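Structures given as structure tokens follow.
Okay, so subunit A shows up in both of these, paired with subunit B first and subunit C after.
This part shows the complex of A and B:
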């Protein structure tokens, strides 16, 4: 007996979409905190901090997120001795993943601020932390917004991978619905459309913000 | 690797259509690119592998993975190439027109090389992403690295060690690819064509 794909099944997908959003947001916020630390470490004057942060980013950006997920899932299971519920493993893996990418984006933004700004702030005279807080970061923040929104899109798409270890988000819900309805031609395209509805406005927003900031900074690009 | 070549070939075609094609072709390509870029790779794979059989197109897992990766990569690469093409100064293209070159000739002789040089770093990092993304095709049971590790770990139950080794292998591949791609860049764009360096930057 198979069910048809009807309103209840659609609602199930929407319910799972909520978990996609929750996971993305948790990873985004957690990764934001971690990413800030990474960005500061990578722009610090201490070589050791710079090296450690660079190694972290290199490893996380050089390995597939699926592997990180497996390591977190089975690694946590090994450490605690029990097979865990996927939720902590998934949030841990995506938070670390987001921290690496956001850290790299924000490092770029901080380094894009002209050196003279640091020198001017030092001449005022502000302490190094005050230079960073009152002069550099407010400017870097503006440059950082569009790529950060762009990364959020990447993160939302990335969470689909969590379905592989059995975390029920949108993609996994789609698989489950295919298993009961046998209508992959309806369910998967619908899942894709749901992701699209979620991501596309963000992509457009990122593009608009980028144009606006380019204009404000007087950067000319071809249309 | 095959996906890279196929995807790039498709992307070159799409990028040409996007920048020089007739209006409907531009819109169609733009829509395609937006759709690819705003949906997850895993779901695209599922559509190709699980949904298409429902309308009578049955692909085996490897072919489906190859097509999926090519389509996915072409979506991203089209956008990258487009930005490269549009970064070529308009005056260069006008100069081509005034020489009486056809549109295709202008692309072949004037636009392609500088455009490729501009976007090469972006393309290279997209290639590394493609390689890392290949781990996901194990979800439709293709025997690549992740797939084999999954089989191994389910027969031995020593999951953590295997995944650890696999992750190290991916990291090694990513680093090796990155330095190889950089070497190619230096070879082709820095030393290969000194004459072409005249106008840029």
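This part shows the complex of A and C:
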């Protein structure tokens, strides 16, 4: 006995969309905090910090997020006997994953600031933390906008992987609705449209933010 | 006692010897122009004086104290030594005024109002009072360089270092920056300038230092050195600078 795809089914997708948003948001914020620490460690003068951060990034970028998810969900249970629910497991996995990528993006943005800016700040003479806060990070922020938003959009779409361990986000909800309605040609395009509605405005917003900053500073980038 | 005393400074970049036993004393109020071919070590010398480069041997004594290697002590000393760079190095994300108040507020912990008053004062000194709200990208090269001078002056330094600050400017913009430098020299500021502006060096400097192969090759009052160079190297350098197409 199959159901038709109607309001109730659509509302079910919307409810699951909420979890896609929450998971992306938590992973982005948590990953942002971790990523900032990694970026600072990677650009630090202390070799030990640089090495540890590089190792972390290497491992997280070198393995599929699906494996990281399995490790957080099944692996942790095997190793420690503590079985996480799907929600904390996916949150943990995506936060650690986002931290590695954001850390690398932001490291690149910090390193893109010319050495002379550090020198001018050091000559003023700002302390190392004041150099970062007042001179380097604000400029790195502007550079980081496109790749950071690009990664955020990837992250939102990437959370669909969480469906594998039974976490009901938008993709998983779509599969469930296909199973009961047998109407994949309605459900999956709709799911895709919902992702698009979430992601596209972010890209637009990022572009507007970039232009606004450039205009305020009198910077012309395009001839 | 001189304000700044360099004694037997040596500096290597890898196997290359950039500074070779450089000694120099600068009295308070003295204006020293450093000239020489590119690669002669003059910029490196300047950068060693405020610790942007470390030295391999010798001593640098400023106001009676040896130059610390780094950390808070070096920062403390840098408050008294301003530097202006060839490529301005203004902070593009800050307004002209913020570029200038950053040091006084963050380093010297002055209240913002006091720092703004200083900014107005130093901007007047470089003839840019009307540009405090502008951003660096909205200014010409000459204006940017004058802001950079104002930014350094805002820390009320006892010594100012200038590293080829007119070399990146279009020829018609050099004059306005040189004018500011001459005003500063007249006001009694102690200055060391690495420069290619021979006219300025001759008119304004008390002492001319000619560097060659990492050494102080000749030193003396500029008029004497220009009129009667003692070494072949300085003579050929002066010829090359004054008649570049010969």
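The rule is simple: the second predicted complex is superposed on the first by the 199 of 223 C-alpha atoms of A that agree within 3 Å, B and C clash if a C-alpha of one lies under 4 Å from a C-alpha of the other, contacts with A are read in each partner's own complex, and residues count from 1 in each chain.
Just so it is clear, a contact is a pair of C-beta atoms (placed from the backbone, for glycine too) under 8 Å apart; a residue touches a chain by one contact, two chains touch by 3 or more.
Just so you know, these numbers come straight off a predicted model, no measurement behind them.
Chemist: Regarding the shared-chain residue A:123, is it in contact with subunit B (first), subunit C (second), both, or neither?
Modeler: Touch status of A:123: second partner only.
Chemist: Between subunit B (first) and subunit C (second), which, if any, makes contact with A:217: first, second, both or neither?
Modeler: Once the two structures are laid over each other on A, A:217 reaches subunit C alone.
Chemist: I'd like to know which partner A:59 touches here: subunit B for first, subunit C for second, both or neither.
Modeler: A:59: touches subunit B, not subunit C.
Chemist: When the two structures are overlaid on chain A, which partner does A:68 contact: first (subunit B), second (subunit C), both, or neither?
Modeler: After superposition on chain A, A:68 lies in contact with subunit B alone.
Chemist: After the superposition on A, what does A:157 contact: first (subunit B), second (subunit C), both or neither?
Modeler: So A:157 only meets subunit B here.
Chemist: State whether A:135 touches subunit B only (first), subunit C only (second), both chains, or neither.
Modeler: Only subunit C; A:135 stays clear of subunit B.
Chemist: Which of the residues in subunit B come into contact with subunit A in the complex?
Modeler: The contact residues of subunit B facing subunit A are 34-35, 37-44, 46-47, 50-55, 86-87, 90, 128, 132-136, 138-139, 146, 159-160, 163-164, 166-167, 170-171, 174-175, 178.
Chemist: Under the stated contact criterion, what part of subunit C meets subunit A in this complex?
Modeler: Within the complex, subunit C touches subunit A at residues 50, 52, 72, 74-75, 78-79, 82-83, 85, 87, 89-93, 102-103, 106-107, 134-138, 151-152, 155.
Chemist: Spell out the residues on subunit A that touch subunit C in their complex, using ranges where they run on.
Modeler: Those residues of subunit A that touch subunit C are 116-117, 119-127, 130, 134-135, 138-139, 142, 216-220.
Chemist: Provide the residue numbers of subunit A that touch subunit B in the complex, in ascending order.
Modeler: 58-59, 61-68, 70-71, 74-75, 77-78, 153, 156-161, 163-164, 171, 174-175, 178, 183-185, 187-189, 191-192, 195-196, 199-200, 203, 222-223
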